[in-house]
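The following pair of complexes shares a single chain, chain A, combined with chain B in the former and chain C in the latter.
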Partner chain A sequence: MSLFKLNPQTAKKLRRFREIKRGYYSFLILAVFLLLSLTGELFINSKALVVSYEGEIFFPTYSAFHPGTDFGLDYQYETNYRQLKQHFTDTGSDNWVLMPPIPYSPFENDASTGIFRPEPPDAAKQHYLGTDTTSRDILARLFFGTRIALVFAIGFMVAVYLIGVAVGCAMGYLGGMFDIISQRLIEIWSNIPFLYMVIIVFSVIPDAFTIFSRILILLGVMVLFSWTSMTYYMRTETYKEKSRDYVAAARVLGASNTRIVFRHILPNVLSTLVTFMPFTIVAAISAITALDFLGFGLPPPTPSLGELLKQGTQTLRTAPWIVMSAFGTLVVLLTLVTFVGEAIRESFDPKKFTLYK
Partner chain B sequence: MSVIPLPKKQAESLLRVRDLKMHFPVKEGIFMRTGKYNKAVDGVSLDIAPGETLGLVGESGCGKSTLGRCIARLYQPTAGEISFEGQDIAKLGRKPLMPFRRDIQMIFQDPMESLNSRHTVAQILEEPFQVHKIGNREFRQKRVKELLDLVGLPARSVTRYPFEFSGGQRQRIGIARSIALNPKLIICDEPVSALDVSIQSQILNLLIDLQKEFNLSYLFIAHDLAVVKHISDRIAIMYLGKIVESGVGESIYRTARHPYTQSLISAIPVPDPHHVAHRQILVGDVPSPINPPSGCNFHTRCPQAMEICSTVVPTLSDETQPVSCLLYEASKT
Partner chain C sequence: MNTSVKLRLLLLACAAMLTACGGGSEQSASEDSGLDNSQEVLDYYAAHPDLFTFATPADIPADLVWDDGMDEPIIGSPDAKKGGTFYYYIEDFPPTLRFTGPDTNSSARSWISGYYRFGYAHQHPDTKGFVPGIAERWAIDYDNQTVYVKINPAARWTDDEPITADDQMFSLFFYLSDYIQAPYSNNFYGTQYTNITKYDDYTFSMKVATAKPDMAEYVLSLGPVPQHFYKELGEDYPERYQWRYEPHAGPYFIDDTNIDMGTRLIVQRKQDWWAKDSKYWRNLFNVDQITLSVIRDAAKRTEAFRRGDLDMMMVPTAELWYDSFPDTDPDIAGGYIHKNTFYNGGPRSNWGLWINSDRHLLDNLDVRLGIQYAANWDLVISNYFRGDVGRLRTPNDGFPEFSNTDIVPRAFDIAKATEHFAKAGFTQRGPDGILVNAQNERLAFTLTTHYDRYADVFTILKEEAIKAGLEIRIEILDGAAGFRKSREKQHDMYFMSYAPQQIMYPSYWQSVHSDNAYDDAFLEDGSVNPDRKIKTQTNNTESIADFELDQWIEEYDDSSDKERMIELSHMIQQRMHEYASFSPGFVEDFYRTMYWRWVQWPEGFNFRFTTYPWEMFGFWIDSQMREETNAARRAGRTFEPSIEVYDQFKGLQ
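So, the complex of A and B:
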């Protein structure tokens, strides 16, 4: 409980964070984007938001599959709502379809000519950033690619911090043989080349696995080879806090180890940890983008920034809009997170934080 | 074995320490092998009677804090006996120690360090009761107010954080925490050294008042004689992990016998302008407790050192003012 109680030091840090406008607004933009993107299917989707057919109202976005026959069409497969809309307008019926602002799914090949090829941005077709080499809407892929990258990075950060904090704290607190042996093991572990491991794991995952479980495996491998760096900080900080007199005072009172760790040491150590978080996110986004670029990242057809960058560099002359939009998105995303990181670091800086005033 | 005797009137001791040793292993090399030991406390014996204050004086690094922390069982001593009310607690684990934790408390040198800066005064002062599962919320809150009153802080301090107080006030919070469980013995590890001189006497007076009210015993640690003079019934002088001389309060000033005690006393500034300063300035650095000098470990700096001092180890004599020096052992034989 005391872990999250807002004490005046924390309140002061938050106030200072809000005063650093650049970081604060970057944080707001990212937070709003993340919240909106959780319901991103409402803005970017090949499924209609609302269909009114024969006096009945349908909301296909999150509902189950509607075969074309539901709306008086002659096919059994999933309704093409853009065509349905066109059909209703053409026949001048009372039925209508309300499409999202970007009426394409990131997985859909909208090849008007029947040949998959990149199309330049075209507002009339509502491909605002054009299409990629397999005629998928770039804006849709960027949007969901960014969402996956952010969620992936946050999941990565949480997992890395949980393991790193737990192990590092145990090493610093218990010390002795446990500490020495763990240190040596971690040294060996962190010398295993991460990229090779990812490539090996990537090539042995059976194709039968679902996309979601393959993403989880990739996350697992990345976490497995990244948590060790957290332990260095946690170990020394825990060791430092442990030898301070307020811990001795708690021990003289008879406080248990659990109480000392959770009530005294962790709250004091974790406050600094917050300052690392944005930089961990930046690192995770960069790593996953790089892996995607190399083809060892998120399994296709998952939308991803790295995969778009790769396409873009291959079609630099013929379809420059691909690389421009992917690169632009990546730069904006990383810049925003870095701004947040700088602001947090500045507002939490222990050197600026004077106790006597 | 020689022991610092108690004043005659107090027959029974509350705390009895015998031949206590705390040797810290010194880690070396990449495999952290233990080759040498830092003999921070090397055979200390002492007694403290109920309601008594024993002052412990010595230079920085001589092992005063280590001795105090062994008695408060922050450390598990390497060897020796620590008897509290007749029971040896030197080797007890956490669970069996719990009842003694209520009886033996500690006040630290730097209150900013010894108070968790993320906790309010209420959280700090309720912790003793929470740890020992004493009373409900209301009882604890009532006791916290009482404790604040005892140490002279306003009741509205409860919602404040340590950094909102002055150094002296912070030490009062530390004192309040130490008396929360009605202890019998408090280890005061240089409780005023970190404070302004103007505030030191206020804190000392508070400690004296609390002692009278609750019949507390103190082990009062300080690095110079001037501070312990007023508060101590008896004073023990420590050098390199050993007690070299001890005696009743004021008398040790007049009849100091150990060359080290004499040099400490001559270092106290005297306000009398007619007093002819006969200062015995100690030369040289304090030797390392990892490689203490042979024989009498003071012989490297002793102004009266004799030839045998580097080979023969003196022992604390069995007198009313025990001393550990070959000058006096020789005169006896």
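So, the complex of A and C:
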């Protein structure tokens, strides 16, 4: 799409963004983390990366499940690969297992004493951040919880912008009655309490829905009640641009409305949009964490930052490592995104030499 | 930026609104409004001559054997001292001070009435024998299904008006009235009692519908309703009486000035209580004042207790007992906070999975049996509860004689679970290890609950069930939504317990009779009605419908022969076990309490048939010791630690 073809102006802005080191490195860290997390199962997983059994090689990470009987064990359910590894070592066979660096899934209870309770960080057991109240690995839960939060936030941002930009542009460009009616509707819509809607929606959706579709529904509800604020900015920006000479010129040349909006107006209001993006992400991450904290968010046992924070506040005295991990992650994550946002704002600022003090 | 701020504000505002709900209404004026329903009440009596009879003392049968209940052992400790303030919490402010009608079933209900409201006679908390309350003596005529009661002339309402037989007559009018908007009471009083007769101001008799072995309890556990207080009873009852405290015969009351809307409630002892010197009550109800602060969050309650803002705390989880307050904790090792475990008797909370056998797939016995074997309660008990609790056998444990102790709950067994699932057609494992049948349906069910404090239990069950090829989806709803779902029978499996009632024998009709599962469950010949529809809003959470079981339950309910009832009870429980729609979870035969040193207890800590440490209020507060302990704690002086186990009633049920 030509919208994203770099014109010299944009290239300059991007260059300026790269010059703002703090934001740029934050962006790189986040991007690398996001890429890594997409293949997170290779690093943090209770399933082995590779199993060599009787001369055959298995890759259980992404394949269908292997019952214990596949590897000569006596049970029908999913193989416990940590035990399998131990078993192979004990029996001194030629078979071997290669486990990921953190050999725990975010769901399994691994209590060293047989009692489910938080255990402090222990490098020897490869619980680098300790375990939570039911002895699940905190690092695994944090990692996948953060991944869900990030993907959720990005999905949220894209959806909010699609709707917000479309409606805002239409309001600003078409104006007149359409504008007035839409504005009133938006005002009414934005007064519906969002948390109540989440509670109500979740109490009526059939329980047969999978966790993934529940997350999508939560996303849908949040988007439904968050797109409105974007329309205000888009509407004013479009109004402003619409009365500019270049739009008039385009119209005189016979350009269609679609062409004017997409080829002329949108690229010019892009800077407004882009500067808001990181803050929308921050908002989405905080919102999903807050919802989880209150117990209205992702269904258990989905790993989530809010759920860990909640556990942490309840075990402040007995297991401070839970709250420290969750809180630390949240602070780092939100700080990084905010740095990126600040850098974007600065690089898109038409007044280049503004100094922030 | 705006989106972010707005979202957060919205969240904050919503959270604030959610927590701020409840209470808040203006107190209604309680001046005399000039309304008087005396004539209406008399007209009602006249219109129902079968129900309300007026007789003379001469009509009382002469051969009655009167009992005054004075042979039971005394309750509580003679060392108990009156006085002091007991600080405790309520989870939420009650939405009303009424005892009856809409919104009265709140978590604070027991504190505004239940724990200290008086009936005609009470069961002794150790022996279960009747000891006199408002009644001076009583007589039971089993042949005529009638209980005679002589009210103690000294008995007074908390507003000092005398209690008379008229108040008992009125109570029937009250509970049968549509004004109170309490269909349960209407139904209960309408079906259980067939007559009330007044002989003189202090003597009345009541006739019950069936002569059950515990017939006496049906009448003696009742209490009168103050007629003088309800002169203004009418259509506007819920609003008119919303914040007016009903006088009762008990030792504590709530004064208008002691209601701090939304934040605090103070319960006061009636210094000149009419029964304060009687044999059974003089050592109980010792504290002068009970200050109940609203603290909604469990973690905050723990901290409030640790600061000494609360005097006592129940300890529901092993985590609190062993990790948050270990025996080595400075406050416990220093003897400031005492810990104890008390083994009690009586019916138990039946925690477990209530499986809705009306749902698709769950209507198959083999699927249900498979689920029974796939639920690893033993692991929950050993690893989550640290072995402190026991395994529940049936939903009706803890009724001496009536509970069938031969039933053995099914233990976690992957082989048996797989075998039953295979019989039900689930033979193949899908790519995620979950069983599928020939129609490609996954063996997946939802576990719904509103007990988020047990969230960890569900994740353990879920992870273990996967081994047997069963997927459990966890759905934790808030209280009202979850409860509604189970009442509408929309659940696959529901995790909860029914609150134990201190009654003699279990009631089966409400929970397992087909009347409460379907409309017209069976045809005349006992075969399943193909057009039957699920019945909602009943306690048959498992949708059990079994023709033979129905016959037994009906016989059980109609029977007045205790031996036959016990036999039937065992048969019913055995059949419920075979039906496999309740997966028995865990049972606690004890409660654990932590309290500050100044809370003093009778010997043996508490009474056998109690569920809470404060029941019957046998403890007392030593205010001097409170000062002394606080001073010592500041100065760093310690006392002998006290960590006790009271197991004198252990294993006795």
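Note that the second predicted complex is superposed on the first by the 351 of 357 C-alpha atoms of A that agree within 3 Å, B and C clash if a C-alpha of one lies under 4 Å from a C-alpha of the other, contacts with A are read in each partner's own complex, and residues count from 1 in each chain.
We adopt the following convention: a residue touches a chain if its C-beta (ideal position, glycine included) is under 8 Å from a C-beta of that chain, and two chains touch if they have at least 3 such contacts.
Note that the coordinates shown come from a computational prediction; the quantities given were computed from them, not determined experimentally.
Peer 1: After lining both complexes up on chain A, report clash or fit for chain B versus chain C.
Peer 2: Chain B and chain C fit side by side in the superposed model.
Peer 1: Kindly classify A:E78 by the partners it touches after superposition: chain B alone (first), chain C alone (second), both, or neither?
Peer 2: second
Peer 1: Counting residues of chain A touched by each partner, does chain B or chain C come out ahead?
Peer 2: Touching more of chain A: C.
Peer 1: Based on the superposed arrangement, let me know which partner A:I115 touches: chain B (first), chain C (second), both, or neither?
Peer 2: A:I115 contacts chain C only, not chain B.
Peer 1: Once the shared chain is lined up, is A:P193 touching chain B (first), chain C (second), both, or neither of them?
Peer 2: Once the two structures are laid over each other on A, A:P193 reaches chain C alone.
Peer 1: Should A:G55 be classified as contacting the first partner (chain B), the second (chain C), both, or neither?
Peer 2: neither
Peer 1: With the two structures laid over each other on chain A, which partner does A:F107 touch: chain B (first), chain C (second), both, or neither?
Peer 2: In the superposition, A:F107 touches chain C alone.
Peer 1: Given the touch rule stated above, what does A:A248 touch, chain B (first), chain C (second), both, or neither?
Peer 2: The first partner, chain B, only.
Peer 1: Once the two structures sit on chain A together, report how near the CA atoms of chain B get to those of chain C, whole Å.
Peer 2: It is 24 Å, taken between the nearest C-alpha atoms.
Peer 1: Could you pull out which residues of chain A sit against chain B in one structure and against chain C in the other?
Peer 2: Dual-contact residues (chain A): none.
Peer 1: Enumerate the contact residues on chain C facing chain A in the complex.
Peer 2: 1-8, 10-11, 13-15, 17-18, 298-299, 319, 322-324, 382-384, 386, 414, 418, 429, 431-433, 444, 446, 448, 452, 455-456, 458-460, 462-463, 466-469, 473-478, 481, 484-485, 491-492
Peer 1: What does chain A use to touch chain B in their complex?
Peer 2: Its residues touching chain B are 2, 7-9, 180, 244-246, 248-256, 259, 264, 267-268, 355-356.
Peer 1: Would you pull the chain B residues touching chain A in the complex into a rising list?
Peer 2: Listed in rising order, the residues of chain B that touch chain A are 32, 69, 72-74, 94, 97-98, 101-102, 104-106, 108-110, 112-120, 123, 127-128, 131-132, 161, 163-164, 174, 177, 181.
Peer 1: Of all residues in chain A, which touch chain C in the complex?
Peer 2: 64-65, 67, 75-78, 107-109, 111, 114-118, 133-134, 136, 160, 193-196, 199, 202-203, 207-208, 210-211, 225-226, 229-230, 232, 276, 279-280, 282-284, 286-287, 290-291, 294-295, 299-301, 313-319
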